[in-house]
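Below is the structure I would like to discuss, written out as structure tokens.
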Amino acid sequence: MPESQQATPPVTGSFQLRVRYVECDPMGVVHHSSYLPWMEMGRTELLREAGQNYAQLEADGVFLVVTRVEVKYRRPIKYDDLVEIRTKVEKSSKVKLHHSYEIVLVERGGETSEQVCAIATTELACVGEDGRPRALPGWLGA
Amino acid sequence: MPESQQATPPVTGSFQLRVRYVECDPMGVVHHSSYLPWMEMGRTELLREAGQNYAQLEADGVFLVVTRVEVKYRRPIKYDDLVEIRTKVEKSSKVKLHHSYEIVLVERGGETSEQVCAIATTELACVGEDGRPRALPGWLGA
Amino acid sequence: MPESQQATPPVTGSFQLRVRYVECDPMGVVHHSSYLPWMEMGRTELLREAGQNYAQLEADGVFLVVTRVEVKYRRPIKYDDLVEIRTKVEKSSKVKLHHSYEIVLVERGGETSEQVCAIATTELACVGEDGRPRALPGWLGA
Amino acid sequence: MPESQQATPPVTGSFQLRVRYVECDPMGVVHHSSYLPWMEMGRTELLREAGQNYAQLEADGVFLVVTRVEVKYRRPIKYDDLVEIRTKVEKSSKVKLHHSYEIVLVERGGETSEQVCAIATTELACVGEDGRPRALPGWLGA
């Protein structure tokens, strides 16, 4: 059956980033709002690993809007830390995608680490160019 | 009794802001991460209405760190919209503060409105300069 | 002739803002990149004072893109400072606009001030929806 | 001669980054303020290539503050573009550092490129923990 042969996106992926100075606040740690763009990058990279491209998706009139986000911050992250964003597709419906994330410190000041500093979940909805809900592309939704 | 005469911070407060161009993304709407600094401003203004000042609090060695945030996005907000941030202290313990928020569109393109575009909650913990948990100042905690 | 009586935009304007925590960095002062959105807000408010609206301008297919920016930082600005952005149209041609700015500290910790903390200039070019140069609307250009 | 054996920082360096969605604005291109953190990252990486670390520098009480920035924007950069930041130490005195930058598009939508999209210069001053000017560390200044 052709459907069963269709490529499905990987359900997990990860990438690393170096913390920017501008992402930190007067407490000397990463501002809590800076984690959200990292999670967005995690979703972009997850798509890329699946051979897809979010920029192309938008060019095709498919937009993914964040409808819910929850982050639990456990340990501070600092400027110049090397951090790994681990992203997982938890479930998907015809119109919604659910991801979970681990934000892991992997290196600080030359010392390797493996500390989960934050965990998070998001819910995304698929909308068209008019902003109205539409079905996810078949390879993305369920 | 002096304790009963002590000023308690107001449990609700609100302020308005004009949406910045830089806060919006290629979809033409406010990026979901931009809401978090608005909520932080809501907490700052709530303290100010209580005659307190977060900058002074930090100078006194009292830091409030966000340990959890949840936002539910219902309707898009756009560049130049006038938005009201309504902030409420939901509960407080000796070491933690819980707030809730409504992000309300009050004017778009000259038309007044009263649409709740997002609702949110946060949990804050009190730490000292060493980053270790400490009790909230009496007037702030419970 | 009515056209000659048409309102011209004011060449100077100002507005005040309260510095956000997220705009500050680990040095405890406003990050140098945070000044640029303030200057953008200055231009937005200057248009508004002229009875115009940048959101409407974009809806009409007129986009103003920044082609050059220069900022000289003289004194640090801090969290919760009250700052005034003074914006001035220096000159305009058929396709370009030149502004200058003063970023002035007006209140810190309850004390009023009048310190110029930064000065800046920008050059903007007018482009259409296709990204190609086009003439500024008559009331805006020269 | 000891002087000739002393490690001098490389005068040029480069690194690549993938443009984030949050860095783009409603025009669908990178917001002009987003370039400044990239240039800051360029300086951080230049130090790292010299075996130094800006986080350590601050821990040692040496702070580099931006006193002037100028950016000339030539061509728009878009979401998901791969960009190379080329950073060069132009000159240094006892208390100031001058850098220049090229922001180069190297890949868009799978197509390689070599387009200079922006050029920039910055001036940095060295200050101590008290915010007062101090001499640059010998290996960094001239």
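Going by the order they are written in, the chains are A, B, C and D; count residues from 1 in each one.
Note that in this section a contact is a pair of C-beta atoms (placed from the backbone, for glycine too) under 8 Å apart; a residue touches a chain by one contact, two chains touch by 3 or more.
These numbers come from a predicted model, not from an experiment.
Chemist: Would you kindly give the rotation angle relating chain A to chain C, two copies of one sequence, based on a CA superposition and rounded to a multiple of 5 degrees?
Modeler: 180
Chemist: Of the chain pairs B-C and C-D, which one is connected by the greater count of C-beta contacts?
Modeler: Between the two chain pairs, C-D has more contacting C-beta pairs.
Chemist: Do the two copies chain B and chain D share over half of their interface residue numbers, or under half; same or different?
Modeler: Copies use mostly the same positions to touch.
Chemist: Rounded to the nearest whole Å, what is the centre-to-centre distance of chain B and chain D, using the mean of the C-alpha atoms as each centre?
Modeler: 34
Chemist: What whole-number Å value describes the gap between the mean CA coordinates of chain B and chain C?
Modeler: Roughly 27 Å separates the two chain centres.
Chemist: Roughly how far is chain C from chain D, centre to centre by C-alpha average, rounded to an integer in Å?
Modeler: Using C-alpha averages as centres, the distance is 25 Å.
Chemist: What are the residue numbers in chain B that touch two or more other chains?
Modeler: Residues 21-22, 26-27, 33, 36-37, 40, 79 of chain B each touch two or more of the other chains.
Chemist: In the complex, go through chain D and note every residue touching chain A.
Modeler: 18, 20-22, 36-37, 40-41, 44, 53-56, 78-80, 109
Chemist: Spell out the part of chain C that touches chain D in their complex, as residue ranges.
Modeler: Residues in contact with chain D: 26-27, 32-34, 36-37, 40, 58, 63, 65-74, 76, 131.
Chemist: How about chain D: which of its residues touch chain B in the complex?
Modeler: My answer: residues 21-22, 24-28, 31, 33, 79.
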